[in-house]
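Below are two complexes that have chain A in common, paired first with chain B and then with chain C.
Our next item is the complex of A and B:
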């Protein structure tokens, strides 16, 4: 009897390991600071996670297809700077599509290199991380970019507005998550992404044009990055060149926390959203508990490692690897 | 059934008693018992999915049994893993070797327990001496310093066996040891096994190959669907009886003599060459016909299939489908034109193991199964159900991950995947590699049925009984060229072997 209960718990852990870890964090933080579990704080967390979250949605496609995207942080800086600059030159109506087009070109370049030329995605996107940073600096001349007339534009709506009492960044995140979640789970394209990441050779032998699928995943990623840049620009109405720096690793952490495999072939948009929220709640919780900002970096990392360990341990049913 | 053990029986080296192991949806082992005596070679047989691998995993401590006991030298034990099993004297020689290619034979044998001197430096002299002592016992033609990567597969297997001999082995379990050995290499392996036997080691021998089983084993235990079917003395039984125990019915292994009307030429190949892989290949396949491609590994058969499927570009020659010349530039293109390929490497090329049965089966046509922008769930399940019934695929349901199915059922998923595309030409490369005897017969009958229904079928095989059984005509290849095409009346085992060995220079295309 005890044995079977133990097994059931094991099974539950294996299936929902990350969710249980998440619940434990929330209980812990709530005990430490009762403000943690309030609707206001919840909204606060989701809003501050929205930019990271939107980027993580796109990276989920790339990771499931069996590749990496480390360029999203500097690409987001690029989008933000470009849309702020063009806002004053062309007006918001033209600036937004122009920025999307430019960001998608960068995504297409990466997609071409990784998909059609079959170059290693780690090398390509790591290189693009610094190349795009250089591109942004060249574009801006190294200066911060600001919208001159902050009152006389409707541009603030994406970052600061709200619809029916819900803040727009949250709405955009939810809408995009729903849309991309359906694409990934329900369309032929989504199915092909899983096949390519699960076994690329078998996908080719099934007539799937692998290069095209990988290419489209990077387009998805760039599309999400452009959206994130738009929210960022609209929220701050001005920006440094380095606004997205370091985000690529947080994005990847969120996707992996959600349970996508770095080897490709597994993961879902829903899980990524959970991963994003876990990361958001951890950082928020640490802030409420009153930890110094610099300590947060370390503690965040420790918690991520712990969560991933719990998840893997639950899957294999042992804390330590059976093969050392 | 009870085991045949008389009063004079020596103490068994290893006993498994009423082992039960269940996985979600499957009772993989249902009260399995096995007794290995010192100095005997004990065959463990059963179809793929019968539970042999699970039983070995339980024995090796990779799975813990739900019920039952493992008894080593009359002591009940709990195995916590393969290393623990080895420490208790139970050693596994696996089908897939686990050696480090870049290291020497000696380093591989003593990996993890290298003898060392002061300051933790490896004692190379002692390592070499200990290794050579073991290698001498095995009478092998290489020494302690040889790099493992430079050895043949058979010799690498000897290294694995040598590794087993470093401990005081009570029982050695061989899992399909001859799968990649030549006939000469097998003889050496069998000698080693008989030496081990003389030293009183108990041997468990897992294999699908009947002739080996009857040559070297003393007793045979059979599993079917996770259930113990009994143990017989090898001397008291024959192939037919064992097969019947394994599959629960009789097996038809006759020649292909079923004749039916042939239709139009579906595929015609003229002067096709691809670099040095194959040259000037000419053949045709009619609807309703099974054409077998027989030859040695590396004769160019798979490469022809890959060219027809758009995975390789031919350097010259032409391909005609239903009389019209076509250029096939990609698998996507080939599929659009009605050519399907069941590839040689089921797990590497045929399936996405982490995907479920249904999604694997509908993968090539997922673009055509749409309801609005979405994949049509109902249509997909309908296809899966249809081919599951037609091919008798045994799985708890479409949600089952393909990686959890047995080899035969996996192969049927791949075949179903292509049949559901209703191809004009179906190419099947090594359709029964690594598949047990019962599923083999089913797949052979299926290929015959497909031809009868009007499909043009190409079967590539390295097994002579297989091509003789399924093919209407046999194309014999040697070194990238077609040596001769036989009708099923002309072919004999002798002239077929002569043709694929390059002995027969008479070329009839």
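Our next item is the complex of A and C:
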């Protein structure tokens, strides 16, 4: 009996190595600064991780399908700037759908290039990273966008509002994670995403329309980016053109940290959420501990490596490589 | 935008040829800018520069933009040398990499004015004058604004300050932080700076940093941010957390900072106008060509702005 319990725990560890790593960080930071483990602080971290998190949800689809999306940072800047600009021109009711439509067009373009033309996603989205940034700058003329009347609009609810005491960005993040988690895990489309990423050729021969699946993954990603842009815009009611710059790598780090394979075919929404939270808590924890920022950069890297190592070690049941 | 620059360049070149034949006193000044269009400051700077040049009948300008690209800026420097302009103004894309190009202009006998952000010290022998804001003074003035406010509130002996800096490694960020950190203990020796972290010139990042500060410290009386964009991010964090009575001081007064000052939630900043910056650069070049002696570091004034005197200043356009 004891043996089987041990095996069960072993299996659990193997499945949830990243969760254990997560728990260890929480304990570590709490010892370093007890204020880390307060409800207020947790809410802060989840709320400020929500923007990155929402973007990571979409990128999870793209990564599982065996592709990359490095354009999400620029695209988020674009969505934010566009919705802020249109807010004052068209009013929020029209500005939000217009921004979503424009962002989805960008996603569709990438999806077409990567899915139907079968171009390398790294090249396409790396190119789009600069192209969309250029588009944003052309659109805004380089100016910061600010909503003129910050008090007299309901636009603030997406970033600053709360429902039953829970802040809206958190609710949006949770709701979208639940929805996309179900789509990925429980629907035929979700299965196809894994199939395409796991073995594209086999998927094609099984009758899966590979191009269409990849295309839809980028649409998912653009949808998430537009949502993130909406939260961002509503949260600060104004923005620089560079607001999302560099986020693409953080998003990718969160997705990979969650255990999705860069080669495609594996990963889950739940684990991506954990990956996002780990990144958020590391940043917040290091600030609370109060290390010098230059040290923080290095420590962040060490913690990420530690998390990935624990995850892999748990999967193979050994701390070091089993192959001597 | 682009078209206009090309137009400006062609008309200026044409004008130069004509000028060479006709009036001897017309001077041609070339400028290669860092990255117009990337932010409102640089966009406004370019407009003001062109406007100031147009207002002066003795001056023709060749206006170029490096688009943030060092290689392109070096090529533009070489073009301007080739065109034999009378003076070159450069807004460096990179303080180190442009030195050889600046040296080349110097050797060709063309005086070089560095604008806004200075190049590295190794290039100083080839530069005629630097025209721009004095970031150390800006930091020091922010410290004075903060201290004066604490005195007015009667908390100059116990106040605690947190400091949000710009992007690590940037000269502007380093100099402002140094100015503030050196000056604050001189004017308010009992005020304690309890933490300092970078906000990367980013409003969202600054807001997150401030949220962590608010969790970490129960008592914060003042926040100094390296620019108003970050300052407003920090202020939003405090408002969201319901923490009142904090004095927010920034630098480079942005429109959002000006509005927050008008609303009474943000205390003060440093007024740095891209229009003054552009006009000062052009004036420096003209003065040089007129044979005037200029100090090597030719700063333009960036005054203090607070809720008390903001009526004296127009709202920034960026």
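Assume the second predicted complex is superposed on the first by the 296 of 324 C-alpha atoms of A that agree within 3 Å, B and C clash if a C-alpha of one lies under 4 Å from a C-alpha of the other, contacts with A are read in each partner's own complex, and residues count from 1 in each chain.
We adopt the following convention: contacts are C-beta pairs under 8 Å (C-beta built on N, C-alpha and C of every residue); 3 or more make two chains touch, one makes a residue touch a chain.
Computed from a predicted structure; not experimentally measured.
Enquirer: Overlaying on chain A: chain B and chain C, fit or clash?
Expert: Superposition check on chain A shows chain B and chain C fit without a clash.
Enquirer: Once the structures are superposed on A, label A:300 by its partner contacts, choosing first (chain B), second (chain C), both or neither.
Expert: Neither partner.
Enquirer: Comparing chain C with chain B, which touches more residues belonging to chain A?
Expert: C
Enquirer: In the overlaid three-chain picture, which partner chain does A:186 touch, first (chain B) or second (chain C), both, or neither?
Expert: Only chain B is touched by A:186; chain C is not.
Enquirer: Applying the document's definition of touch, where does A:30 land relative to chain B and chain C: first, second, both, or neither?
Expert: Neither partner.
Enquirer: Quick one: is A:153 in contact with chain B, with chain C, with both, or with neither? Answer first, second, both or neither.
Expert: neither
Enquirer: Looking at A:141, would you say it contacts chain B, chain C, both, or neither? Reply first, second, both or neither.
Expert: A:141: touches chain C, not chain B.
Enquirer: When the two structures are overlaid on chain A, which partner does A:203 contact: first (chain B), second (chain C), both, or neither?
Expert: The first partner, chain B, only.
Enquirer: Can you work out, in whole Å, how close the C-alpha atoms of chain B and chain C get once everything is superposed?
Expert: 37
Enquirer: Output the chain A positions appearing in both contact lists, the one against chain B and the one against chain C.
Expert: none
Enquirer: Under the definition above, what is the set of chain B residues touching chain A in their complex?
Expert: 81, 309, 311, 330-332, 334-336, 341, 343, 348-355, 359, 363-364, 366-367, 369-370, 373-375, 417
Enquirer: So in the complex, which bits of chain A are touching chain C?
Expert: 33, 35, 38, 40-41, 44, 48, 51, 137-138, 141-144, 146, 160, 232, 235-236, 238-243, 283-284, 287-288, 290, 293-294
Enquirer: What does chain C use to touch chain A in their complex?
Expert: 1, 36-40, 42-43, 168, 195, 197-198, 202-204, 207-209, 211-213, 215-216, 229, 232-233, 236, 240, 254-256, 318
Enquirer: Using the touch definition from the top, list the residues of chain A that touch chain B in their complex.
Expert: Result: residues 182, 186-188, 191-192, 194-195, 198-199, 201-209, 265-266, 322 of chain A touch chain B.
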